[in-house]
C-alpha cells in the first residue's frame, strides 16, 4: 500500500542540497485540514504569509507565491517581463544556470551565455563589459543564479548590481535564489533586484510545491509591455487578488500552512542567526573536506556557498558509486554531480533545518563512506569539524586563547 | 503564531465543491518526511502513482502530473498541442468555461464560444453543426468542461465525442474533469478524449497543488508541431523522466505521498462504488432542495451533477448573506454563486471523502440556515433526504415494497 | 501492516459516550516528538497543564494526573484515603457505579450500595438518611458517579453535598466525573468534593490514557493515615514532584501535549459556552427521541445527562442488532446497553468536540437505522432537532415570537 | 499556547536512555482518530498487537498490556502474584532496583536486598547461595532488573535462572526489561521467567504510557492464591477480555496504534538485526569513551549494556553542569546520574530508533561538550567510533585485513 519502502532504524539523513529536512512542526502544520480558499480564515492566512514572506526576501515589494516548482518561478519571471526575441544575458555558473538558459530558449528568448568553468560565480567585470558594449540596450534582462546548487558556488549579487549600474544599463536584474533564500544573506531591495526567484524546498524548510517571484516596481512596469503569452504565471491578477489575501485560482493551501510555520521559525531564530549558522556549518564542512585531502569544487573562497559544498572525487573514483555506498550503509542521501560533473563530484547539503550534531553525523557518514568505498583520503575530517564547531561555541575568551595556540 | 483561527468545537463542514475534505490517512501520508527526489525510494513512489493514476482516468495512456493548480493543467493542455492563432471551439457552460476561454485568449489562441445559459451542458448538436461547417478544419481543438463547478451541470462527453466523429472532424478533444474525476464516471480512452485535465483537490480528496493531463497518442503527435512556447508544462521531458518514476524538475513529493494514499482509497472502495455513492448523495440533495421548494440551477435532469448542486435563491434574497449565516452559525462553508450568478445561487458540494451522515449534517445545516436567514422555504428537505437514503440502503425486497407504496 | 481496516469514505461517526472524537489539532499535538521528561521544556509543559487543568475542575486544589485509564483513578481515590475494611457508601446508579463498587470490594473495602433502578441518579435523601443513621461514623467515604455513562442519568452533586452536611457526617466525598468533566457543569471546590475522578477520553477530547484525581486538603490529610497499600497511585510523591512540573515516574508525555491543546480549546471556547453547547445538543437529541416515539431511559428530567442519551428499544427489538445496522450502513458507532441493559438500550454520545451539524448527522443516522432495522418508530425526530437547533440559534426576538406560537 | 518552547533549528537529540526517539511513522500512527474500543476494528487491532507482541518477548505466554508507566507494571507483577508479608529477593544493581524494592515495601512485601556496588549486575552465585539457604522457601519471588537504566549494567538472566534451578527453589522469577526489551536479546520462555516487566518508551520506540507483563503459567497459578489487593492491575479479567482482542476498561487506543506500527518495524528489521545494531553502537560508544580517557561505569565487560553507557566524570567535575552545556550548545539531552551517582556520571542513550549517523552526532556532541565544559579529556573519541563503525560495515574480507593490521 502506501508505505513506499521498508523500515530502516533511525532517521534518514537527507543531505542533498534540497529538498531539505522539513521540521516536524512544519509537517504538522501542513497536515491540518484544508479550508475554503474563499473564506475568512483563508484570508487571514493569506494576508499573513504575503506580508511576512517579504521579510525573508528583505523587500517591501510584493512577493508572488505560485503553486509550482522553482522551475515555474523561473518561467514566471521571464514571461511576465519579456517579449519574443528579447535578448537576455546569463552567466554559465553551472547546471542550473544552463537549465535556465535552455528554458529561456524554449520560450522564444535569445539568451547570451557568458562562459564559465563551473568553479566560479558570475564575473561582475565580464558582465559589465558586455553591458557597456550593448549601446542599443538590446539586452533586456540580466539573469544570475545566486547560489549554484550544482557547484556550491555563489555569485556576488551586490557587485553584479554595481556592474550593471556602472554600465548605466537599463536591463532588468533577475536573480535565482532557489537554494540560497533563507540560508545565505540576500537583499532584494538593497541590491536592486527586479525579480527574485525562489522555491519552498530549500532554506524555507518546506516540501517542494511552492515557488516565488519578488517583484520590483520596475519589473511590474515592464510587465505592462511584455508580450510573451502568459496566464497561469501572470502577476497582475495574482497581485490584485493578493490584496485581500486570496488567489485568482486555488492556491496550495496546505503548503501555505507550512509556509506560515516556516516563517515563524525563521523569524524566531532571526535571519542573521540563520545565516551565521549556515556559515558555521559550511566552514566546518570545508575544514573536514580539506582534512580528508579532498578538493572543494568552488575555486574562489569569496564565493563559497554556505548552503552546500561540492567535493571533487580523486581521479579514477566514481562519485555515484561512493554515494550508493553511503546510502546503503548509512541511510544518507548526498547530492550527485550533475551533467558535466556527473560522477566527478558529490554534494553535501548543509542547509535548512539543520544543526551542529546533524552536521557531525553527516560528516562522519561521509568519512565512513570514503573508507568503505575505498576512496583515498586522510582520516580526521570529522575531527577537524568537531574542533571548529567547539571553538565556535566557546566563549570569546576561550576562543582567543585557542586561536593563540 | 501559526494557528490561523480561534477554536470552534467539532469539525468544520467544508461543503464547497472543492477543495474537499481530505481523509485523515491522506493528511497523515502528506505529513511524512520529504525524501530525495532522485533516490530509489522516490522512484518506487513515482512509478506507483504514475501507473495507478491511469486507472482513475480509465486510460492506458500516460498521465502527466504537475506541481500546479488545475488552472495550470488547462494551460498545459493548450500550450503542448496548439500554435499561436489556432482556433479552438469551446462551450459557454459557466464560469469556469469562461475562464478557460479567457486563458486561451491570453495565450494567443482564438477561442470560439458556443453560447449557453449556464443551466445546460454543452450541446452536442450545436458542436456538431459548427464542426461540420468547418470545412477547412480551422478548428484545432474542442474544449469542454465535463462538470461545470459553477453550475452543477455536466456535459455529455460521450455524446460530444460522437458529435465530433459524425462531423469527421480531426480536432483534438480536450476535457476539463477538475471537479468530476473520481466523483463522476469518466472514461478517457473509451470516449476518445485527447487531453483530460484534472486537479487534486476535488474527487481525488487531496489538498490543492497537483494537476494532471492525461494525454492520448494523437495529442502527443500534435505536440510535435505545436508552436506555443512552453517549458514548465512541456510533456516531452516529463514523460521521458517519468519512464523511471522521476521528474525533470523537483516534484511536489509530499502531495505525491497523498496521491498514493488517495489512489489506495479510491481503488479499495472501487470506482463504480465511488460513483454510485456520489449519485446517491446528489439524488438525496436534489430531493431535499425540491422539498424546500427551491429551484435547482441545472435545467436538464440528464445533466445533473453528482459532485455538487447549485441552488437558486428566491428572488430578493442574497445567497451570500445566507452563506454567511450558515458559516457563522453552523461552521459550514458553502460555495458562492460566481460572476453572473453571484448572490443568486449557492452551491452544495457533495463530493470526495463524504458519506451519508456528513451529507445529512450538510443538508440539516442548509435547512437551519434557510430558517435563520429568513429565506422562504418549506420544511422537510432533510427528512426527504433521510427517506431517500434509508431506501437506498434497504435490501432489495424492502425497496420494492417501499416503491410500491 | 498497520492500517487496521479497509477504507470507508468519509469520517467515522464516533457517537459512543466516550472515547469521543479527538480534535485534529489535539491529535497533531500528540504527534509531536517525545522529549526528555526531566528537561526544562518538559517542566514548562508540566507546570502549564498542572496549573490550568484546575480551571476545568473549578478547583484551587492540586490535580493529580496519572498515565492510566479512568478505572485507575477510581482505584487511586480509594487507596490513597482508605484502610482495609473501611466502609464506603455508594449508590447504584448503573453499570459504572456497580463496577466501582466491585473495585472497592477487590481492594478490601466494604461498600454499602444504596439500591437504584438505573433510571434515576443517586437519591440525596436516601444518602442523608443512611449517613444520619451512621452515628459511629463507620462510613469513611461517600462515592457517587456524577454522570452515569451507562444510563445517561446524572446525580445532583450539590444536593448530595448538602445531604452529607445536613447529617454532619465527616465522610470523604468522592465523585466520578469521567463522562461529565468538560461537558457538564462541575465544581470541585464549591460543591465540597474531596476527590474528583476524571479521565481523558470524554469531555477532555483526548485519546484514553490519562486519568485524574482532584484532591482536597481533607483528602490529603486522610491519606496520611490511610493503610491500603499503594505505590503507583500514591499522591504524596507525585504532588511533591509536580511542584516543579515533573513526575516521579515517566509521565505519558505525548498525551500531556494533547491535554495542553485540549485545555487551550476548552478555555478558548469558555466553559460556560461548552456546557451550554452540550445542553443544547442533549435537548435536541431528546426532542428527536420523543418525536420518534421512543423512550428515554432517564426518568427524571432534572437528571438528564447533557453528555449522552440512552434510548430504550421497543419490546422485542434488539438494540445491538440495531447498532450493527447503523455501523454497517452508516459507519456510526453507538453505545451498547451494558449488563442488565444489554440489548435493551442504545446510547447516543453527544459530548466532546461536537457541533450542531455532526449532531444532525448523528440523529439522521439513528433515524435511518431505525428504518433499516425495522424498529417501530415515527418519522420526524431529525426534523424536531432541526427545529430546536434553528430556534436556539435565532436572535432573541425571533425566539420569542417562535415561542409565542 | 501549545507550543511549549521556542524554535531551535534541526532536530533535538534525545539521547537519554528513554524515552527514546519515536519514529515518524509511529507518531503518525498514534495520530490516527480514536475508535470505539468495543467495535470490530478495535478487535482486529487488539488481536494483532496481543498476538505479535509475544514475539518481542520471545514467549508463547500471554502479554498483559496496561495503560500505565513501567512503574505500574512493576506493581502489577507483584500484586498479582504475592501476598502481604511475602519475602522477595532483589539485587541492588542501581537506582531502579532500589525503587522497585521500595515499591515492594510500600505494598507490604518484605524485600531482601543483595548488596551491590552499582557497577556490576546481579551476582548469580550470591543469589544461588541465598536461595539454597532458604530451606523453608520463605522467599516467594526473585526480582531482577535486566538492564539497569541508571548504570548501564546488565544482569545475566540466563545464569540467574540457572542459579535458581541449581538451588531447586520454587520462587517466581520476575525480570524488569523496561530498558532492554527490543534493544538487548531477551528470552522470556527459554530463560524460564515468570513475569517480565516492560515499558513502551525505550526499545519499543513509543511514547511513554503503555507497560507490559509477560506472564508464565506458573505466575498465573500463583495469582490464584495471591492476596495483595488488586483491581486495575488484575490479570484475570484482562486476559479474559483479551481473548477476543478487547480490554475490561478503556485501553490507550492511540498508543496501541503506535505499538502496532512499532512491532511492524521491529519484526521487519528482525530482532537479531535490532540487537546487533544496538551491540555495534554500544561498542562504538565505549571505544569513544575510552579514547577520551574517561571511565565506563560498568566494571564487567560481560555485563556491558547495549542500550546505554554511563560515563564517570573526572573527579571535581560536575556531570550535570556538563549536561547543561551540551543541552544549551548542542540541543542534546543526556541522562543524569541518579541518586548516589548524581553529578558523578552522565548517561548516553543509544537505543531505540537509532542509526550510525545519529550515534556519530551524539558522540560528537559529547566530545564538543567536554571541550566546552572544560572537562579534561583526550580528543579522538568520535574518530575511534568512526573507525569502529566503518570496520563493522566493511565486507568480511576487508575486516580481516583491517584486523590483521
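Note that the chains are named A, B, C and D in the order they appear, and that numbering of residues resets to 1 at the start of each chain.
In this text, contacts are C-beta pairs under 8 Å (C-beta built on N, C-alpha and C of every residue); 3 or more make two chains touch, one makes a residue touch a chain.
These numbers were taken from a predicted model, which means no experiment stands behind them.
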Chains in contact with subunit A and also with subunit B, listed by label, are C, D
What's the farthest chain from subunit A if centres are computed as the mean of the Cα atoms? C
Interface copy of A-D among A-C, B-C or A-B, judged by whether over half of the contact pairs recur: B-C
Look at the interfaces B-C and C-D and say which one is made up of more C-beta pairs in contact. C-D
Indicate the whole-number Å distance between the mean C-alpha point of subunit B and the mean C-alpha point of subunit D. 54
Chain-centre distance (mean CA atoms) for subunit B and subunit C, in whole Å, is 44
Chain centre separation in whole Å, for subunit D relative to subunit C (CA means): 35
Quick check on subunit D: which residues sit in contact with 2+ other chains? 1, 3, 11, 21, 24-25, 28, 31-33, 264
Interface with subunit D, subunit B side, in the complex: residues 1, 3, 24-25, 28, 31-33
Which residues of subunit B touch subunit A in the complex? 1-2, 4-5, 11-12, 14, 16, 18-22, 25, 27-41, 44-45, 48, 66-72, 75, 84, 102-103, 106-108, 199, 201, 207-209, 228-232, 234, 249-255, 257, 260-261, 264, 327, 333, 336
Once bound in the complex, which stretches of subunit C touch subunit B? 3, 6-11, 13, 21, 23-25, 264-265, 268-269, 274, 277, 329-332, 353-362, 364-365, 367-368, 371-372, 379-380, 382-383, 385-387, 389-390, 393-394
